[in-house]
Structure formats: C-alpha cells, structure tokens
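Structures incoming, each one as structure tokens.
Shared between the two complexes below is chain A, which has chain B as its partner in the first and chain C in the second.
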Partner chain A sequence: MKSKAVEIVNFTKKFGDFTAVDNLNLEIYENEVFGLLGPNGSGKTTTLLTIATVYKPTSGDIYVFGHSVTREDYVVRKLVGIAFQEPKAMWIDKPYDLLTWHARIVGYSMSDAKKIVREVMELLGLWEHRNKQFYQLSGGTRKKVELAKVLIQKPRVAILDEPTAQVDVLSKHALWDVIKKLRDEGTTVIIATNDMFEAERVCEKIAIIYKGKLRAMGTISELKDSIPRGDVIEIQYEGSRIPEKLFASLEEYGRIETQSSTLRIYVEKGEEKVLDVIDLFRKNNVKILRIMVKEPTLDDVFTYITGAKLREES
Partner chain B sequence: MKNPDLRNNLKIILLVASWDLMKLKNQKVFLAMRIAWFTLQVLVFARAISYIVSQGILAYTGGVDYYYFYLLGIYTSLLYSTSISRGYVVADEFDDGIVEYHLSLPIKRSLFAVGRVLGCSLSTIIFTLPMMAVVYAILKVSNFLSILLSLIFALLFSIGIVGFVLLLVFAVRSADLTDILVGAIDALLVRLSTVFYPLPVIEATGIAPYYVAALMNPISHLSDFLRVLVFPEYYLVLRQGIVPTIVYMVAFSMGFLVIAIEYYERKLEAGGWK
Partner chain C sequence: MEVKEWIRGAVLVAQRDLSRFWRNIYWLAGQVAMNIADLVIFAVIFRGLVNPAFIPDYIRFITPGILCLAIFISAFSIGREVGIELRREVTQYLVSLPVTRGALVAGRIMGGVLRGFLYQAGFVILAVVLMSMPSVDKWILILTSSFLLALTMSSLSITLSTLTRDFNLQAAIRSLVYFIFFFVSNVFYPEKALAMRLGSAAPIAYYSPMSMAVNLYRFGFNYTTSVDVLFNLAGLIAWATLSLLFAYKVYIRNLTR
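And then the complex of A and B:
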C-alpha cells in the first residue's frame, strides 16, 4: 500500500463572501503524478496555495504526510515545494541570483548551491539567460525559472501550477519528461492545468474541478469509461450517401453524426460494436474505406461532466 | 534555546537578509546618482545654509560649527529616508505577490521576519556607506571606535524605522496606501527633529508640541548621538546626558523589531492574511 502524500478533508476556502473552493475531498498517494484539471477560476491555485501553507483554509484541513497545514505549517513547508502560476520575481531580478538564494534557503551549502543551480539551469536551457533581468525574459523562460526552484529543492511533494503555460510546444515535451523524472526520483507531483493534452501526457490520476467543486476523480481511462456512449466509431465509406435502411439500423447503436462521406456513431464499448457495424455495411453493399474506434478525449469527459468546455474561460 | 539551534537560526536569518543585499547589487546606477546628489548637497547647499545661520548658534551647539552640526543631521535624514525606501521594497513585493513565494519557503515565519528587517536595514547601511564616508571625511573623523559606534547605532536606528514601515505594510497591505501614510509622516518627522536646529533652539521657540516632538523623535536621537561621538563638546547641549539616548535607541529598534515580528507572525502564520 502506498501512503497518502496529501489528504484534503472537507476543504473550503472563501474570499469574503465568495467561495473559491467548496468542500473539497481528495487523496493523493505517494509517488503519483496527480492532475487538477479545470478551466480558469475553478479553484486550482487556491487549493495548491493552501497545500503550500500560503493560504489558510476557511474550514476543513489538508494533511501532507499526515501533517496539518493549519497546525504544523512549518513541518509541511519542509515537505512541499511549489512553482507558482505567476513567476515570482521583480522586473529587475536575475534568474541566477534568485535560484542561488533559493538553493541556499532550502538548505544547500554555497558550493553545492552553485553546482545544483547550474545543473538545473542547464537542464532547462536557462543557463544562457542566467544574468538577464526578468523583464528581458519571455513568458516561457520565466515559467522555467519557477520550475527550476522545485527541481533544485527536490521536495517530497512538488506542486506545479500550470507549469508549461506560455512555454513553446517543443519545450513542453521536454518539461513533461523532466516532471516525470522528478517523480521517478521519488517526488509526488501535483499539477494544476487546463491543458487536457498535458493532463493526458503526464498525469496518472486526475481530479476534475469546476467552480470550486470536485466533479470527478480517477485515472484517465477510468474517467473516459465513466461517460456513457464514450467511444466514437468513425467510418469513411465509398459514395456520397448511405441507404436509409442502413442508417436506421446504425441509429440503434447510438447517436450519429455525418459529414460528407464520414460517419460517426457515439457508442458505449466501441470495440465490441465495431464488428456489427462492419457487418451492416457489408449487407447493405456500402464499401468501407476506413474505420476506427476512437476514445473520447478528456475534453469530451469534461464537457460531459460539467456541461462546459474546458477552454471556454481560458 | 540550545546552541546549535541558535547558530542555525542565525544562519537562516542571515540567509533571508541576503535577499535584500542581493537586490542592492542591481541598483548601482541609482546609488551613484544618490551619492552625487548627496555630495552636492553637503558641499554646496549645506555650506550656503551655514553662512546664513548666524554665529550666535554656537551658543546652542556647544561650540560646534553649524555646518558640521548640519552634516550629521542630513546624514541621519538620509538614513531615515533610505530605511523607508528599503521597507517599501517589501511593500512592493506584497503587491507583486512575491510574499506568496516567501511564505512557501521552508523556514519559520518569525525568523523570516527578523531576516527581512535585518536585510532591509543592513542594505540601508551599505547603501549609505559612501555618503557616510563623505561626511566623515569632511569632518576628518578617523577614530575607529567612533566610526564603529556610529555604524552600530545607525543600524539600530534603521532597524527601528524598517520595523515601523513593515508594520504599516502588513497593517494596510497596500504599497500605495503605505506611500501616502509614510509620505505624511516623512514630511513631519524630519522637520520636527534636531536635523536642522539643536534642541535648545527648538525649545526657545516656545512651541511646546514642536519641542516634545523633537525630543521624542528617533531622528533627533540618532543625529545627536552621532554629534556627541564626533564632537564631544556637543554633550553639553544634551541636558539629560547620553544615556537616555542610548536606551531610547535600543528600545526603539528592538521595540519595533519585536512588534513587527509579532504582527507578521500573527497576520501571516498559516496564511491567515488571506
């Protein structure tokens, strides 16, 4: 049995009258890469900052390896490292100075600090930017400086708030590998994101939160299986239209959408139905050019669960 | 507290303080401008003022030349305004959300608060070292002990002022509002002090609130302390002697330091500020 790295119990956070997070319950196990998925304003950052003891719960509590963020915040801070959504630096600051100071604060000796800072900066492609001032850096580079803090710290629980937002696509893939490596070295990683591709690529488990509430939780395939009519059978056929009779029989399997000579059927357990569908086409003498069963995307899952689009507010 | 604990805490405080010292590095141009302006002030304007002031002042300064009297006053007011602007850096960090980063660091928040106050005041001292050198060169001060004592009391003074500014920052949590408050206090505090006029002259005005304000003012205490260090004859001007000033300076700095830490801890511990 893996132990619980983070346990969120009846956590509510209000700002004045506004409830940013509403009675959240979550368990995150040691050595997982756990994703908090939701559009902007869902309460992801609020939750992460409370785990990091920067905010205090309005009610409920959060435990990091059994230590309460409200009663043992100092102990929690020694277990947690965070890369903020908004890079934390003044315009005049230089990455090398900030990271060296960070390394010293988290416990490295001066010589070890210099070593690890250089190592991490080179890994992230930051070394050439080390003595530039923050206002000269691109958004993506600033985000990498934020991530570098956590990589230097090697905390037991790493919190990454939208780590690859503003990062170019090529670097994104590299960062995802870096994040996985951090996990492989024993860190539990919690990532907030509104990028479903990122969630699919790096997260083993995902919690979908929307408007401050938990809507669903599970592994990616559990989430995808949880929605009825989750699969899509996509068929490209010869000719421009299909006979009425075939269409009617296909409709018994699920909702149909057509687009020129492509037909999509939304079904449950697509891999079981696909043979029947091929049979029906053959009986009706319509030639299939291409057929595939597609899984729903996390976007589909999100839309099904919340009735909203993941990207609508981002 | 056990010894290794103490040493470790001290190390953390100094590390935190190095945050502000690190920032100082990026302000060389600003510093050069301030040195140039200060030098101009003491070499040209201060001299002009001292010509205007009559010879009669000597009776009130224990025989110390007004120009020299004034130099230590304006060094003190420089320390004061630099301490305040260092404290502002913390206010700006609040507004920019950098406080969230600091609150997430694996250190005790009380040590963090001490470190920041010390960092701001140490960087004030370092920032004003060149100006101090200008003043002490003009005054031909070379006694090591005087210089050391001046620095120690300048640091105490700065700790008190920074603690006061941080208290305001935590209390109002907005750099803009702090700006207005400190601006108002700033305008008054330097004028209601012995930067420009010795205490007996202020007393002679017969305006009691003015006299009391100058008497209670940390700026008066530091400038008078520095004056006594450099010109022992100035001692005569202080009716109560130097001991109350020393006690005042220590109490002022430690008082605001402790209140600032207490407030910081209470406000910010476990994110209670949001």
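And then the complex of A and C:
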C-alpha cells in the first residue's frame, strides 16, 4: 500500500478579499505523477506554492509525508523541490552558476555539485547555454533551467508548474520522459498544467480545479468514464443519406449528429456498442467506409464538469 | 535542527550575494566616483562651508568619510537586489529552498556586510597611505567599526527595500537616507561647521551612525585624539543591533505571504 506523499486538508488561501483556493481536500500518493488541471487563475499555482511553503494557508493545512507546512516548514522544504511557472532568476545570472549554487544549497559538496550539474545540463541540452546570461535564453530554455533544479535536487516530492510551457514539441516529449524517469527513481511528481495532452501523456491521476475549488479527481479513465455517453462512434458511410429505419434504430443507442456522409453517435462504453452498430448498417445495406470509437478528451471532461471550455478559459 | 546546517545555509546565501556583488563592481565604482566628485566640488567651491580655519587639510579630513561612503554604497546594494528580487518574485525561489527563514535572512544581511567590508578594503589602504598606519589596537577598532557600520547599512537597506515594492519609492527612500546620514553628520564638515549651520539641532548629527563611524576612523588613523571612543562604539553597537532586529523582523514578515 502506497503512503500519502501529500495530504491537503480543508486548505483555503485568501489574498485580501480574493479567495484563490477554497476548502481544498486532496491526497497524493507516493511515486505517482499527479496532475492539477485547470485554467489560469484556478488556484493551481497557489496550491503548489503552499505545498512548497512559499505561501502560508489562510486556513486548513497541507502535510508532506506527514509534516505540516505551517508548523514544520523547514522539514517540508527538505522534502520538496519546485520548478516554478515563471523561471526565478535575475537577468544577469548564468545557468551554470545558478545551478551549481542550487546544488550546493540542497546539500551537495562542491565537487559533487559540479558533477551533477553537468550531468543534468547535458541531459536537458543546456550545457551549451551554461555561460549565457539569463536574458539571452529563450523561454523554453529558461523553463529547462527550472526543471534542472528539481532534477539536481532529486526531492521526494517534485512540484512542476507548467513544466513544458514555451518548450518546443520535440523537447516536450523528451521532458515528459525525464519526468517519468524521475517518478521511476522514487519521486512523487505533482504537475500543474492546462495542457490536456500533457496531462494525458504523463499523469496517472488528475484533479480538476476550477475557480479555487476541486471539481473532480481520479485516474484519466475514471474521469472519462464519469461523463454519461461520453464515447463517440464515428461512422463514414457510402451515399449521402441513410434510411430512416436505420436512423431510428441508431437513435436508441444515444444522441446522433450528422454531417454530410458522417454520423456521430454519443454512447456509453462505445467499444461494446460498435459491433451492434456495424451489424445494423449491414442489415440495412449501407456500406461503411470508415468507423472509429473515440473516447472523450480531458477537454470534454473539463467541459462536462465545469461547464467551461478549458482552452477558452486559459 | 543542527546549528551546522543553519550556518551552512546562511554562509551559502551570503556567498551567493557576494558573488553577485562583483558583477556590479563597475556600477559601484561609478557611484563612489560620483560621490567623491560631489565632495571635491563641495571642498573647492563652497569654501565658506568647509572653512580652512576649521579644516586645514580637507583631504585627510574627508578620507575617513570616504570609508563610510564605500560601506554605505556597497552594503546598501544588498537592499537594491532584495528589492528587485521581491518585485520579480525571485524571493519565492529563495523561500522554497531547504534553508530556515532565519538562516536566509542572516545570510542576506551577512552578504551585505561582506560587500561593505571587501569594498572598503581598497579605501582602507588609501587611508593608510594618506593618513597614517594605525597601531594594532586601533586596527581592531577600525575593523570593528567597519563591521558594525556595514551591519547597520546592510540591515537598514534590507528593511527599507522590503517596506515597499515600488522601485521609485525605494530609490527615493535610499536617497533620503543618504542625505540624512551624510549631510546631517560630521562626515563632510567638522563639528564646528555643523554647530554653525544647524545651531541647537547640531547634536542630532552626533547620533548618526556615520558620525560615530567617522569619529572612530579619524581616531584610528590618528587624525585626532579628541574622540569619545566608548560613546561612539556603544552608539554603533546600538545602531547595528536595532537595525539587525528590525531587518530580521520586517524581511521575515515579507518573505512569506
């Protein structure tokens, strides 16, 4: 049985009159990649910064491996490493100096610090940028420097706030592999993102946060299954119309949308219904050109749960 | 928590601030040059203010003042960086590190002290050349005065920088502090001139940390023997202690929201 890496209990954070996070309760288990999904301003970053002891809860508490962020903040900081959404460096800083100092402050000796910094910089393709000043780096490279801090630290809980924002597509895939490797080496990873593809690609469990409140939590398949009739059977058929009798039979499975010679049926557990649908087409002598079963996307889940479109909100 | 861990954290934070300091060395040289130019203009043009009857040798008189100036400019630079870091939220990174808040604040203050100490070193050599070589006990007094003044300036600059995130306000406050500390002190003019200009308000200047430090430097470099060492040293200790406590409290309060 996995132990709780992070336990968020009745956590509320207010900035003046504004409530950024409202009575959040979450449990994140050891060695999982946990995603916080929500649009900008939903309270993801506030939650992550409080886990990292940057903010203090207004009420409630957060425990990291049983240690309270309010009463044992120093112990928590020894367990947590964070890659910020906006890279935190002065413009004249150089990545190598920055990371070497970071390695020293998280506990490495000077010789070990130099070794691990080189190793991580090479892994992330940062070595050639080591002596550039921060303002000379692209947005994606700056984000990699942030991630490098966590990889150097190898904390028990790694917090990554939008780790691949501004990173090119090729590098994104490489970084996702790096994140999974970090998990495999024993780190619990918490990722805040509004990139649904990223969430699907790396997260094992997801919490959807919207307007400071937890709206849903579960594995990706659990969340997708939570949408009634969320699967779509998409059929492209020969001809421009289908017989009324066939249409009426298909309607029994779920809501139908048609567009030229393509038909979409919204069903539950589409993989179980698809054979019946094929059979109906065959019996009505309508030739199927192409058929596929599509799962709902996380965007669909988000829309269903919050009534808002994640992309539009972000 | 182990004391060793606390000290390690503070030392590394101070080391970070010191390494950044060298990158601004030319900017600081410019600051000192501009201030010295101002002093020379004062000395040459405002002859009535710096009366040759009061100060026959202005260069020797002002040299300990330049030591104070070097400390002020270099130790105060830590506040400028703390201010920039607060505005750009780099502070969030610092407070997320496995270091206690106390060690972080202590490290930053010590970073400012070291900046002041190191930057002043070249001017101390200049003072030896222009004035005289102090005895061993006077060296101890000079170094103690420098440490206390640097501690006061570093702490004050951190306090002032964390009071507001508005850069313009920070710059204005810094200028105001400079004005109060240097112009209402006997760094640039002798006590007789101060008494003449400020009248009954002149004693205020004697309580300025700059006046206290410059008196001790003048005594240390054998410019004068008529200095109340105990009063000035105790005053500097009081300034340093109060500034340190205030900075600690204000910075810690502003570190975590």
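Convention: the second predicted complex is superposed on the first by the 314 of 314 C-alpha atoms of A that agree within 3 Å, B and C clash if a C-alpha of one lies under 4 Å from a C-alpha of the other, contacts with A are read in each partner's own complex, and residues count from 1 in each chain.
Rule of thumb we're sticking to: contacts are C-beta pairs under 8 Å (C-beta built on N, C-alpha and C of every residue); 3 or more make two chains touch, one makes a residue touch a chain.
This one's a predicted model, so the numbers in the text were calculated from it and none came from an experiment.
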Based on the superposition on chain A, does the combination of chain B and chain C result in a clash or a fit?
-> clash
Could you say whether A:Val80 touches chain B, chain C, both of them, or neither, answering first, second, both or neither?
-> both
Touching A:Trp101, do we find chain B (first), chain C (second), both, or neither?
-> both
Partner chain(s) touched by A:Val69 [first = chain B, second = chain C, both, neither] = first
In this superposed model, does chain C or chain B come into contact with more residues of chain A?
-> B
Does chain B (first) or chain C (second) touch A:Tyr135, or do both, or does neither?
-> neither
Residue overlap on chain A between the chain B contact set and the chain C contact set?
-> 15, 49, 52-56, 73-74, 77-78, 80, 82, 84, 86, 88-90, 92, 97, 101, 104-107
Which of the residues in chain B end up touching chain A in this complex?
-> 12, 15-16, 18-19, 22-23, 25-27, 92-93, 96-98, 100-101, 103-109, 269-272, 274
Residue ranges of chain C touching chain A (in the complex, touch as defined) | 1, 9, 12-13, 15-16, 19-20, 23, 81, 84-85, 88-90, 92-93, 95-101, 256-257
Which residues of chain A touch chain B in the complex?
-> 15, 49-50, 52-56, 69-70, 73-74, 77-78, 80-82, 84, 86, 88-90, 92-94, 97, 101, 104-107, 133
Of all residues in chain A, those that touch chain C in their complex = 15, 49, 52-56, 73-74, 77-78, 80, 82, 84, 86, 88-90, 92, 97, 101, 104-107
